[in-house]
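What follows are several structures.
Paired with chain B in one complex and with chain C in the other, chain A is shared by the two complexes that follow.
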Partner chain A sequence: MGWNRKILRVDLTKGTCKAEPLNMEWAQEYLGQRGLATKYIVEEVDPKVDPLSPGNKLIMATGPLTGTMASTGGRYSVITKSPLTGAIACSNSGGYFGAEMKFAGWDMIIFEGKSPKPVYLSIENDKAELKDASHLWGKTVWDTEEIIKKSHQDPQTRVSSIGRAGENGVLYACIVNDLHRAAGRSGVGTVMGSKNLKAVAIRGTQGVSGIKDFKGFLAATTAAKKVLADNAVTGQALPTYGTQVLMNVINEIGAMPTRNSRDVQFEGARKISGEAMHEPRASDGKPNLIGNQACFGCTIACGRTSKMDKSHFSVANSPKYWGATGGLEYESAWALGSHNGIDDLEALTFAQIICNEDGMDPISLGSTVSAAMELYETGVLTKEQIGVEAPFGSAEALVELCKMTAEGRGFGKELGLGSRRLCEKYGHPEFSMTVKSQEYPAYDPRGIQGMGLTYATSNRGACHLRSYTVASEVLGIPVKTDPLVTEGKAGLVKAFQDATAAFDSSGTCIFTTFAWSLADLQPQIDTACEGNWTMEKLADLGERVWNMERLFNNAAGFTAKDDDLPARLKTEPAKTGPAKGLVSGIDKMKPEYYQLRGWDQNGVPSKETLDRLGL
Partner chain B sequence: MQKSLYIDANKCTDCLQCEMACSYENYGIFNIAKSRIKVFNFEHEGRKVPYTCTQCAEAWCMHACPVDAIRLDAVTGAKVVFEDTCVGCKVCTIACPFGTINYVADSGKVQKCDLCGGDPACATACPTGAITYIDADWTGLDKMRQWAAKTDTTATA
Partner chain C sequence: MKVVFKLFATLQDYLPAEARRTSTVHIEVDEGTRVADLIRRYEIPEALCHLVLVDGVYLHPRQWVSRILREGETLAIWPPVAGG
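For the complex of A and B:
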């Protein structure tokens, strides 16, 4: 068990909501969330479908541990075909929405077709219906949540919605739940918007009762919580500084992509770090950070709550931003900050607020602004074309460009297409720091070699959350490897990719893996779910999910050629720091990786590999 | 020694492990809708506050109950609802000034915190020490200690 064994199928074209049983055969092979929902997509969606057409489907999926007492057991994922990359998309979010879906009695929701007019899905336990959302269209995420809660007269309703970015076709629009948590990457919110689906509101009061062995489950989850509490990263560093603990660490090892990756170290890193968020501001004597915010069931609590400096130029005339709000995450601080050469902590906090309020991925937005700034500095784009002076380091430009993109105003429309399309349009594709059209995150592959292979082979385009080898290469988890060498990284990346796919299918958060291995997850799954969930079965599951996603992408038209990095990372050596003089050794790692995967030199899984994995 | 729940809201992260533990302890399932302790998130102020019954010495709910379904557990000091006796009249929910006793439509009875018979599951589950179960006469001890440290000037004189 662990599963509710029930899914909701919503046909937006016809306006119908139907319950159907969860395919339990598939659940035994793909567990839940990322794995199981991708299986549904693979079975039901043509890989060549236009992602923004009614033929694409969008699935919101929980895992078997979502809504339980397992630490971090509140995750849900959105799976669809991405309009940004054209590849499979799977974006994972915390907050409370996933658990609420489970408490209402559902494992996942499949959206298909396209509604003729704006609607939102309202779920109260077994009852699901589409409601008119014309009054919500054009509203931000935050206003949408507030209006729905008020009209339902139920503050305990949990809402997931798109902001104006998702309506306006920003190709990296998020689906935001619980105000500040997002299924962030690859434009899952754009797909939602293309279906005229504004929001999903859920109230569930049935709880999760189907645990195979409650006593054993509680023993397993209690032991696993202790492992998190006793670990230096999950027990101390993340609670104290959040993900922003990484800002100074990554900068010091020379892997901080800076000014559109021209540099690998940022002189202003300390000013936008987790440490800086704790320090009293010169202006008002108060720190940016006011506390921690956990997601459902999470005993780590890396989430930040911040209050802006009321006198900062970005909010001085907007009292609505003076209250507590979601604080900076490392990825936002990096993408909006160092990649644009900006060291203004308050401006970055505000830019992230705009991303949350209107549903945009700050990594893709930040890195697209970086590309625009490089186009501006090299004279390709002018102030007249952009609408503002946009040199690297301009906090004013960043804030204005974020707002323009959210609102679909002027040059913001072009920024909304992402850096690959922007740079190609203006004749400089080499300025786009992307893989498979998705902007890469906060680790420069010249300084952390394993991350180059991670980005190049990630099934959803450049991403750190598919194989976070930073854990090994920088933090020494589970064993320390040298970040500057390519030897051994193919095997490391494969191992991380497979284990991560298992975690992403369970309902728990990938951040647990700073402390947990599969051996800590396994007893929690095995006591919750029917079926004999051994280590082998979980490891196989991860590898199966990875190959299934690969097959989808191959069928969509991707080839080995697409498993590559921007030329800058392969030809322009790091200028400073421990990696000085190095470029990414992607070409050395890739053939070995294909071989370890059991793929041919074109990146196609062999028949033996597919047979072994039951694909 | 009599103990009581002590809540330090500054430590709360809104993870809801307390609500899950409460529902499991009392109903054998994970369901925050059935929890007797609730965490309130005042989002615009950035405050998270767990709240539950304080077990009043002269409990309004207990005095208001027309059928004596709410009784004192002499060992823990908890005011406990006896479901066999409760008739679901809800007068206690009107009498309680704090809203911490509530009607449950499924059972037709009321529910409130009973301190789990002296081993409250919420306090055990809380990962940050925001909810503790300590000497009822000295719930202020930690605050006193903090202020004592602040007001002691001799150490640095």
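For the complex of A and C:
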């Protein structure tokens, strides 16, 4: 089956936990995780609900391959309405928490209402109960996990929790599991905090049973693992350098957002790259990187483990940060680094540590600090208002502002609103590098045109993980396309969006798609899950999920005018690199994209499209 | 004439040891030097040359033998890599 066929519904207002059967009719149309949980949200939540009110719901959902022997089958997602964007939110995380949920016998957990006091959900197989979390409120993610594991007297308990950022209303707060893995984007942790839900602790010992065709599944997963192992990217590059290998690539092609996207190349990129993480430091002769790590069931192992330089100013007086910890990922390194003009690898590592420890999205945080630095450099904000001198390039400012935001202290409260609200407050909305109020990630659309359309049309606000056309436009996966042209990008973006939605509904990691196509995923789904899971059915699923999310957003009040990019990307040409002189061609790509989607010129799916997709 | 030659990720091993920390060598080459000439000079297996850029612009493998480097240009090469 793949599915456990059972969900847990937690009414936080009443303090009840009830099991109910998974809607298997929906499972045949939406598979699991992102698709299936979004279907539940669409059916149960008013799109116009205040995201931080008890009327919003939050779902933690696994896919049918989560917890199985499928490579990377450890994923779970958090689906809710975002307080940062006002759109649908779906944030995906690895680690071990998702598999543990499956082992405990559940496919997903639906949280509704609001607890009158801080609580955490404790699950041990079939037994689920809400417990008092007064002693955990005000604690970091790391302290929370440690305290819960000690009190449960079971180190194998898996914990997913919010830090102080989620309690303090930082609008881009994460939910962090296994210390360093996060459902990171769109403020899903803020919604959790608004419900007075501090953590979810799970222990499951039942394994995953009911695979439809076990022998077939064994053969399919074994073959798919071989594809990953034999592929140079998933078999060698990602384990060795992690995502951070992209730092120099994206900088060389001139698509590195730098100093709040004033520039597209960063002179300090090499110093904060994956290559630099391997090299001995001048200070202590040791490299920043000490190894790689894998999530549950993963045969890629892209995760980084680092140790900081004990003498660095950020940690010199804080021995608790001297041990092994989650190392820099490319998105963190870019957003905290080049977008702030900072080339101090250790400072960036520390800033990411704070994001993990207190649960903040480093992309949104980094880019909001960038906006603040531009407001400072243009004289709009002063040292007195911010609390520190904050010019581009100041590692000291970055470190202090990260701590202030996590703790909800001083100007940190304003940074916690995200760059759109911050820049509007101070009269310069043009300094906010956002789409639908979410900060865009590490690829400047002037240098990679497809990513402009990706950001503009992403259902969760600007995001690279909804259609990673960088794979094709830069890396040549599956085929090389020209990053500087707009022709053909509408179709490319749609194809990536639909395929990604299918992968995100399966329980596997999107990084498999550097080697896998839907043709590699399909036999794994078909042998695990009841129903005839053909290629066509999987492709339809992806397109159905995309349109379902779009309908939710349209009903929430979004229109075609929200499918747009910051003016800077459309009016200020790239100053250097291959894209010199270019702006984003979003206005050329969008009409063609709407047409390919079967949407009208206002971005509304036609009746014919909805009928075709069964929506 | 002078050109800049950069090798990244595992290809850094093909650079002189003192250049690996910057991934970069500044070198003198003869007029008419082609991309393929430098790949051969540094004994880099062509199968590992996945992403080949001149001043940030991608070159298809069939262009390696025809593309003549010009004064001041930067040739940068990666093995297969990805991230996100």
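Rule of thumb we're sticking to: the second predicted complex is superposed on the first by the 615 of 615 C-alpha atoms of A that agree within 3 Å, B and C clash if a C-alpha of one lies under 4 Å from a C-alpha of the other, contacts with A are read in each partner's own complex, and residues count from 1 in each chain.
The working rule: a contact is a pair of C-beta atoms (placed from the backbone, for glycine too) under 8 Å apart; a residue touches a chain by one contact, two chains touch by 3 or more.
In this text, all values refer to a predicted model and were calculated from it rather than measured experimentally.
S.K.: State whether A:Ala237 touches chain B only (first), chain C only (second), both chains, or neither.
M.R.: Touch status of A:Ala237: second partner only.
S.K.: Based on the superposed arrangement, let me know which partner A:Gln522 touches: chain B (first), chain C (second), both, or neither?
M.R.: Touch partners of A:Gln522: none, neither chain B nor chain C.
S.K.: If we overlay the two complexes on their shared chain A, which of chain B and chain C does A:Gly323 touch? Say first, second, both or neither.
M.R.: So A:Gly323 only meets chain B here.
S.K.: For A:Thr62 in the superposed arrangement: first (chain B), second (chain C), both or neither?
M.R.: So A:Thr62 meets neither chain B nor chain C here.
S.K.: Does the superposition put A:Thr157 against chain B (first), chain C (second), both, or neither?
M.R.: Neither chain B nor chain C is touched by A:Thr157.
S.K.: For A:Gln206 in the superposed arrangement: first (chain B), second (chain C), both or neither?
M.R.: Touch status of A:Gln206: first partner only.
S.K.: Enumerate the contact residues on chain C facing chain A in the complex.
M.R.: 6, 8-10, 12, 20-23, 50-51, 53, 55-58, 60, 74, 76, 78-84
S.K.: Within the complex, which stretch of chain A touches chain C?
M.R.: Those in contact with chain C are residues 231-234, 236-238, 240-246, 248-249, 252-254, 270, 274-275, 279, 330-331, 464-465, 468, 470-471, 474-477, 480, 482, 510-511, 514, 577-578.
S.K.: Can you name the residues of chain A that touch chain B in the complex?
M.R.: 67-69, 71, 96, 99, 103, 179, 204-209, 211, 214, 218, 225, 229, 290-299, 301, 303, 305-307, 323-324
S.K.: Enumerate the contact residues on chain B facing chain A in the complex.
M.R.: By the definition above, chain B touches chain A via 10, 13-17, 20-21, 23-24, 27-34, 43-48, 125, 127-128.
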